[in-house]
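Letters A, B, C, D and E mark the chains in the order given here, with residues in each chain numbered from 1 onward.
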Amino acid sequence: MADIPAAAPRRFRRTHNVYLWFGSSLLGFFIFLAIFGPMLAPYDPTEQDLFALLEGPSATHWLGTDNIGRDIFSRILAGTGYTVSIALSSVLLAGIGGVALGSVAGYFGGKVDRVLSGIIDLLLTVPNIVLAIAIASVAGSSAMGLTIAITASFIPPLARLVRSKVIELKEEDFVAASVTIGMSHWRILLHHVLPNALTVIIIELSLNAGQAVLIGSALGFLGLGVQPPAPEWGTMLGASREFLTVAPHLIMAPGIAISLLVLAFNTFGDGLRDFFDPNLEK
Amino acid sequence: MSNVLAVEGLTVNLTTQDRSFDVLSDISLTVAQGEILALVGESGSGKSMTALSIMGLLPDPVAAVTSGAIYFDGIDLARADETTMRKLRGNRIGLIFQEPMTSLNPTMRVGPQVAEVLELHKGLKAHEARARVEGIFALVRIPDPKSRYDNYPHQMSGGMRQRVMIAIALACDPDLLIADEPTTALDVTTQSQILDTLRDLQAELGKATILITHDLAVVAETANRVAVMYAGRIVEQTSTEQLFATPRHPYTVGLLHAIPRDEAMPGEGRGRLVEIPGSVPALWNLPKGCAFAPRCSRATQQCQDSRPSLVDIQPGHQVACWHPVEAEI
Amino acid sequence: MSALLEVEGLTRHFAVTNSAGNSIGTVHAVTDVSFKIGAGETLGLIGESGCGKSTVSKMVVRLVEPTRGAVVLEGEDINKVSFSRMKMLRKRVQMVFQDPFGSLDPRQAAEDIIAEPLLVHGMRSKSERRARVVELMERVGLRADQMRNTPAAFSGGQRQRIAIARALALNPALIVADEPVSALDVSIQAQVVNLMVDIQKELGLSYLFVSHDLGVIRHISDRVAVMYLGRIVEIGRTSDLFANPGHPYTRTLMDALPKPNPARRLSKKRVPRGEIPSPLNPPTGCAFHPRCPLATDVCRQQLPALRPLAGGTQGACHHAA
Amino acid sequence: MQRRQFLTAAAGAAALAALPATTLRAFAQSGSGTITYGQSTSILTLDPAHGAFTGYPGGYEAALLLFDRLLDFDADMKIVPQLAQSYEMSEDLQTCTISLRSGVTFHDGTPLDAAAVKFNIERMMNKDINTTNRPLWDPISGVETPDDTTVVITTSAPFAQLPNTLAHGSGAIVSPAAIEKFGEDGFAQNPVGAGPYELEAFSPGQELTLKAFAGYWGGKPGADRIVFKFIAEPATRISALTTGAVDIIDSVPVQLVSQLAGNADIEVINRPGLRPIGLIINLTRPTLSEVKVRQALNLAVPVVTIAEKVFFGYAQAPDSPLAFDAIGHKSVGELVYDQEKAKALLAEAGYAPGADGIVEKDGARLSLALYVPEGLFPGDVAVAEIVSGALKQIGVEAVITKIEKGAYWDYLRQDKASMVWDLAMFGFNPSNASGTYHLASLFKSNADDNGKPDVWNAGRYNNPRVDELLNLADTAPAEADRLAALGEAQDIIWADAPHVWLQVNENVSAARKSVSGVAVMPIVFTTLRDAKI
Amino acid sequence: MLRFLLRRIASIPLVAFGVVLILFLLFKSVPGDEASFVAGATATQAEIDAIRIALGLDRPLPEQFIRHIAGLLQGDFGYSTTFRGNPLPHILSRIPATLALTASAILLTIVIGIPAGIIAGANRNRWPDLVISFSVVGLLAVPNFWLGMVLIAVFSVSLGILPSFGADSILSLVIPTLALSARLIALVARMTRGVVIEELRKNYVRTARAKGLGSHAILVSHVLRNVLIPTVTIIGLQAGYLLGGSVVIERLCAWPGIGDLMLTAISVRDYTLVQAITLIFVIGFMLINIGVDLLYRFINPRLRYG
């Protein structure tokens, strides 16, 4: 139907995007918790009650207490901020790095591309959690170290994605058209290529944010995360491992919190993808 | 000559996420044995939909026949169940598609892709089928059929692949052949070769054939009869000679004039082509009256208010127009 | 007529690698192509897929760098000028692409697409730009009230009009049109061809018009060049070429083209032989020899040069009269 | 289709082929006569010269079976002869004469005679080979072998702890022939000793299999085979024990003891340890050089509650710088939890609460950097978190930094300028059981407080009287005098509070009742020497 | 094919060199004194200095790197504090366990993920698809180590029917394999579903329908192979995830592979060992990808008959 104008821009057409609706609500909920969680928490997340250790859920402690008598519910709430902000900031930084590297390599090609792609491919051969573990062990246990580790492990795959998308867009006639009107390459890259790659990048970043939560919590679980007594979820899981047999409820709350947050990022990303391109299959 | 296929008042509805509309409205046509009927029209006119309706290959559940019938050998294909249709497809109705580059399975050798039809419908064993397939390859002018049998599609040129598609369609000696834009994706020299083969096969085998194309020149060189489609309807239907000699529908006239012609003045003058103003309306947003009225220089209030139906204006020449062009050109 | 554009010995070869990165040969996309286009003239470039006509058009606007040869625009070799000079030269040559979907940035409004060349070449005032856009849109038959729509809201024909408006924005001397109407329906094709003809009459610019459609080429061109496997096999005035095609390939093309004449249906036609060889390993000698009814040993061994033929065209054939 | 089946089959075969032999070994083999011990720490090296803190105490426990020593500790840490038939310290505490058991051979058949013992002791004296345990061996100045069964060891100064050294894990006697055969580097993976069990198979960090040594001088040991398996996870260790996959486990997390105790097939074996855990206070910091502040810190931490609640009673609050069972321990005080008094002491020291609740003096907040290793001491991070929480109550901020255990010692033993911590968790295990050794290692003043600490006096405690008393405790000819000196030293150190005293943990192991004779020693080790199945 | 293989294998040392360089620089930037980690807890300054000289840590960085590379070429990965020497034999002895774990995870992924994706794709928007897609969304959100913990809690602790640790019997593989492969199964199922849907839209499927083939026959004899081509690539790309995931899962389940060893190495700051294992992971990843490429060429006739 080459000659039939699309009646309306497609973005106004989709009203049944369950993923986007669900993902953004859940994500909104987590962001709300990240900001207001500490205020809502019934207890100070570091407050200990040595006479109420490893207690199960009760009216006083909704999700029970941990091995030194801290209120798990309060810790989960207080931990939301860590996890959400580490995920978002690392993904944002990785996005900036990945876009810079990938677009320069993809657009300008030639020697620049060979050098940059060489480095990217090299880093891609290191499994990303291994890279993150290695970097975390150097960067040290802190929110900053964790962010650096996750960021660094996400830049290579993002750069590769951006590069291939940029190469694809570079072949488009509208880029050729911009060349023929005398536009500079930097301007073409910034005004025509990157804006058209943006949706792909945003979708990928959103999905990466879910991955960042997973990798961050895995590092926390392995003891490479934040410093105690910060209530980071992965670290909480790592600490509750010892009590798996006596207090299995300890692993439930952080595990479910992580899963829900990942779910939120993933479905939000899927929803965005459906939103921008309903024909793309996941 | 008996009719192999008779389509009567076929209407097909398409439902998308946003809207529901008819892609085909009240289509009636017949194809007789030994006859090539051309369905011609621009993109979106519904010609391919017609082919898919006959084959029962409408995208389910998005598109569905809402009224009308498609009679083939006493069966109403519009109402036949999937089992019946499967027995007909590839067996008694052969279909050739537009894109020979993608219509073959890229991971399967071409011979078995033809043999598959024979094994399915004729119960042949693989080794029996092979001999037959090689024969059919020869029939459709594929040189060196024996070695070509084991080629993968990517090892063949577009023209050869289209011949393989024709071989698939002809393998079971069908009663009806539907060729959907069989040469559109091909270069002009290749197109010429394929059209030549189709004409030869028609002369040899005398199938009832529906040729779907947007190219009136292809119609002129190939078809006996022509149905011109516009916005989901047939607007004119007659013999090829009649259509080119005395087109009656303003749209047909416009199409014929829009082609840069042999007979028209050579280059330097660069006179204007006759253009049809405007563009094809969206099917979900058709005007109340004649769909062509907004682009038609002859349109009157009547054309805008009510839709003309397809009527005989002379024997064997049907036009759907309130103000047909006079029989001269 | 002094030449606006002179193309001399233009050659472009691509190294081809397979998916594993192994070199599997060189594609001879374009070899030794020369032609001239005068002011106000239209040169039609015709050929089947893979003949190199698109590559030629891309080299003329310097989207592809030639392996050898020169593209001389108004006396300057565009591959040898400075960066800033090139920017100025770009104002003189504009391009219209085949795919009206791909050649417009889907995120830009029509106005911004058409105004972009103006902006790039220093028209700072927004109101001036808008005035020019309105003028251009009207010139190509679009309503100015559609200017804020993105390409998705336009039909294929309308998009091609936007592309033409953009090409016109800088008042070029030459427009390279690469299959500008191939993706359009017949009725729309006529509209766009007419538009281009009208504009040429009005502004006196030149076209390099690339197409595989003999009818369109014949209609619009002053002169026609026929390409086969990367080389020009025949070139000449349109009337001469169509009246007396000299090269066997030109004749084959014309024979192969279906005519809207039902009388031809029953007559026996000359059907081309063989298939187009791969440009990866073109045949020796005259590339057309495997398909040529006139071919002899000399055709297999020697590359024919362009020479004047009896019909008034120049053809590269050992045997043509 | 065929191709697909082939691929599937190939992948399957690859997976099976990839399984190591040990992986596929079924439970069947661990039948009669085999004791399987699930250890919380891995065995990486089996050379007694390797201190191997990384694998401590896993390797020591295996060494107890592989190697015999001249002397041994009994269950109460009393020194008893093992390869020695008898030993005698000279009056001046500078010579020890040992009479060897005769006819003892190593697993490789070579004789364990005086020459072999001399070789071993000289090997441990060699600083290039034995890089750890230096305070145990440095005092030794020479070894003589008057005859095949007599060894005379001399020290450069009076050294009452020499028998403790010989009974210590590093005193294990290895086969000189094997050292020669495998080289200094190779021996660690191919150990040959004269213990009741000899090496069968060893994959470092995973599994060690020992089999009964037929030629053992003490007769056939209690099991045909003992398998040491490294299982880091407490929960998996316990499920392994309850399912019978292993017979013995160590380091039962205290929270799981009650669960195990309820199992009729399992016996919990626990023993108070010799390692008091505490926080070394960095005395080079002006704020912390004030004893009132240090006492306030001690008063602020609910140590008794920690012992009872966090460690479920499997720990005690100390009453001395030494653990209860250490030789020479004297009860010198009691740990009181009194935050009001702590606050008062801080106020006396000139601190007043600031805006955020943290006390200040001259505008400087009392904020301390608390360093803690992860996984080196029982509940280390959790205890640090509790301390931090408790100190907050009296207005002292303690910011926790946790360090991988491998790097921790480097942080702890820095020269003065590089000390980044104010409080650092530490616990010293006197593996030769000597209280004198313990206090000397921790509280004897350093030769140069600006450089790295000589031993473990990382906080730079310096009290000449304590130095004097500790010297006396090592050199006084009469045991009573030595003990008195040690007692007084404990009094002084306790009052000076150079550490925040925390807890003395019990060592808890568990065994299936089908296995008997498993013992837990105060020095952390679980010994299987007398284990029977 | 052979040339391709040789070329790919030849690229391994090049990549390995780059990775070695990156790791070398990374770990040289670690704060703290390498020699004192090696020397241990009770070493004196003199001893630490001696070690520094013995290990060549006093030399300029480029020289250290050259020595490092020279050592690697002779199979000497450097001085590991954990093993007091070249860690290579110890790493090699642990490779089979990691291989067994990752191979069984890949196997499970192929056996479950691909069919699930095909079933979902072929029944798009009907209940089998909804069930599978829902599970996929769930599995993709769950951290693998938490899944492992839950599996241990349920099957080992509560039910006592599966061993939770170590590598004693084939049953020991169950929990780590499930925990490791769950996410990959979900990913592969999801991608396969997408590929199936995409393939089903292609023209050759329309041709098959026009031949009179039923949906099942089309799926099996036409679509399957076309689906496998991209799917194999996906599995290859995810091999990195698998190797990385094994680090966490091996630690959780006390599976004696190199991932577990890597964490031990990190906790004792044995960076020689960390670097060596990372290098092994990289080489393993490349080998898997070469294998996948070969398989890809094997399935895809376009590459077999260029």
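The working rule: a contact is a pair of C-beta atoms (placed from the backbone, for glycine too) under 8 Å apart; a residue touches a chain by one contact, two chains touch by 3 or more.
Small disclaimer: the values here were computed from a predicted structure and weren't measured.
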Report which interface contains more C-beta contacts, comparing A-E against D-E.
D-E
Most distant chain from subunit C, judged by the mean position of its C-alpha atoms
D
Report the inter-chain centroid distance for subunit A and subunit C in whole angstrom, where each centroid is the mean of the CA atoms.
48
Length of the line joining the C-alpha centres of subunit C and subunit E, rounded to whole Å:
52
Chain centres from averaged Cα atoms put subunit C and subunit D apart, in whole Å, by 85
Multi-chain contacts in subunit A, i.e. residues touching at least two other chains, fall at 2-5, 137, 223, 241, 244-245
Among the residues of subunit E, pick out those that touch two or more other chains and give their numbers.
152, 157, 251-252, 266-267, 269, 299
So which stretches of subunit D touch two or more other chains?
233, 235, 239, 374-375, 404
Residue numbers on subunit A that touch subunit E, as the complex places them
118-119, 121-130, 133-135, 137-138, 140, 210, 214, 217-218, 221-224, 234, 237, 241, 244-245, 248, 251, 254-255, 258-260, 262-263, 266-267, 270, 281-282
Residues of subunit E that touch subunit D when the two form their complex:
32-33, 36-37, 39-45, 47, 81-85, 90, 93-94, 96-97, 99-100, 103-104, 106-107, 110-111, 152, 156-157, 160, 163-170, 172, 251-254, 256, 260-261, 264, 266-270, 295, 298-299
Over in the complex, which subunit C residues touch subunit B? Could you list them?
42, 48-49, 155, 157-158, 185-191, 193-194, 197-198, 200-201, 212-216, 218-222, 224, 237-239, 242-243, 252-253, 255-265, 269, 271-272, 275-276
Write out the stretch or stretches of subunit E touching subunit A in their complex.
15, 18-19, 22-23, 26-27, 29-31, 137-138, 140-146, 149-150, 152-153, 157, 190-191, 193-195, 197-198, 240-245, 247-248, 251-252, 262-263, 266-267, 269, 274, 278, 281-282, 285-286
For the subunit B and subunit E complex, residues of the former touching the latter
55, 57, 82, 85-91, 94-95, 97, 99, 102-108, 116-117, 120-121, 152, 154-155, 165, 168-169
